[in-house]
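Heads up: the structure comes next, in structure tokens.
Note that the chains are named A, B, C and D in the order they appear, and that numbering of residues resets to 1 at the start of each chain.
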């Protein structure tokens, strides 16, 4: 799978007094994109945790803010896997305001696979294809 | 203990595009007040969960919004216990903007004590005095 | 319009360490329901603010938490208007986990109409029908 | 001023079902650090906005997550200015769990100065010393 496209509509709660989306919320939307990517690739992240005992801890997050999203806009989140191996996976994101097709934010999150003890654990074989490993 | 007073300073993240604190955040501040009340009464809520195996699930929350808090203001949260028994506890809150001493929000949260299975469980004896039971 | 039904999927960000949705987030979902109700009734809340100069300030919020929502569940928000006049409107909400059709939370939010100065202002005539006034 | 140290206590609302602080919240704490840095340097960020007509828009944010913070822990945020000129400023952050003095997160946020129209604007002379310009 090259990429997956998710959509969110900006909530009032996500704005700040500058009249735009508070910058930390884009990380939440990246999570939405990541989860939907996994679902489209055949993995429910919920089951990865509950049955697989695998947690994706965020090790690094980088965002570039190009243009602010505003209340009630529809935002498309294009999520792809930049690189992956049994120990870690890096997702890349591009977010656009859909009506004007304007690029808002690009970013990357790097994750390590952890076991229920929150210590590093290799991704079990059965989940690897979904991450392109 | 009659009441406990906590303080928070309004974060930018807590404002919305109306230029005031987004209303759901007062529930978060009530949680701050509740936790600090318990700490002052001799219970770390963290230990209630980890050692006591007791969770305080919110069963009801009511807020009256009288005046909006704004960015960077210091807000005092006066927390008291309205009623308590081994099955549930009701906290009452009054929040004020401290520099003008203006009342912002009053509210109540009603909680049931749950075990680690998230089913109702009586509060163990040793924790009762802190709740005035 | 009797009621409007919106949907949200629970985000990881919305859970807490009890493994369920943090209670303040239901207020955010009520906002989602309210905005979608208005949109279905012919009013974009965004335009109400920007063109109408009308803000819906929350004066009161009441929630009853019956059953916790969990990560990745789909939640239906049924929003209706309980009462309305040119000075205020009260919305009622019922939220259900959709796969098991289990009732999660019921609640009410009471709003006053404000002008851009955040002082009370009567709802202009042209917006009244959408609120059933 | 070399750096400024702020403190936050982890709120329940800031945890997620992994039992640790949800990663986006560290960006909120960076904001707390930044605002307190400015206050210690003689600028209330609130006045920068309201009187100076200057907004600090986030252009870039980078976080490295080394160790997770947990509920009720006290976190120290050490904030410094990495570089600054009349058009932009870069803040650096180091966050530590205070009781074990364990490093949690390091990060950087890069900001551009904007006017009330959200277009780039040079920082007025009178505010420059606080940013070491």
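Going forward, a contact is a pair of C-beta atoms (placed from the backbone, for glycine too) under 8 Å apart; a residue touches a chain by one contact, two chains touch by 3 or more.
The structure displayed is predicted, hence computed values, not measured ones.
K.L.:
Which chain is most remote from chain D in terms of Cα centres?
P.N.:
C
K.L.:
Using the touch rule from the top, work out which pair, A-B or A-D, shares more C-beta pairs.
P.N.:
A-D
K.L.:
Taking each chain's centre as the mean of its CA atoms, how far is chain A from chain C in angstrom?
P.N.:
A distance of 27 Å separates the two centres.
K.L.:
At what distance in angstrom does the C-alpha mean of chain B lie from that of chain A?
P.N.:
So the centre of chain A lies 32 Å away from the centre of chain B.
K.L.:
Measure off the straight-line distance from the CA centroid of chain A to the CA centroid of chain D, and report it in whole Å.
P.N.:
23
K.L.:
For chain C, give me the residues that contact two or more of the other chains.
P.N.:
Within chain C, the residues that touch at least two other chains are 12-13, 18-20, 24, 28, 31, 71.
K.L.:
Sort out for me which residues of chain A touch chain C in the complex.
P.N.:
Those in contact with chain C are residues 11-13, 28, 31-32, 35, 44-46, 71-72.
K.L.:
Going by the contact rule at the top, pick out the chain A residues touching chain D in the complex.
P.N.:
Residues 18-20, 23-25, 27-28, 31, 55, 57-65, 68, 118.
K.L.:
If you look only at chain C, which of its residues touch chain D in the complex?
P.N.:
12-13, 15-20, 22, 24, 71
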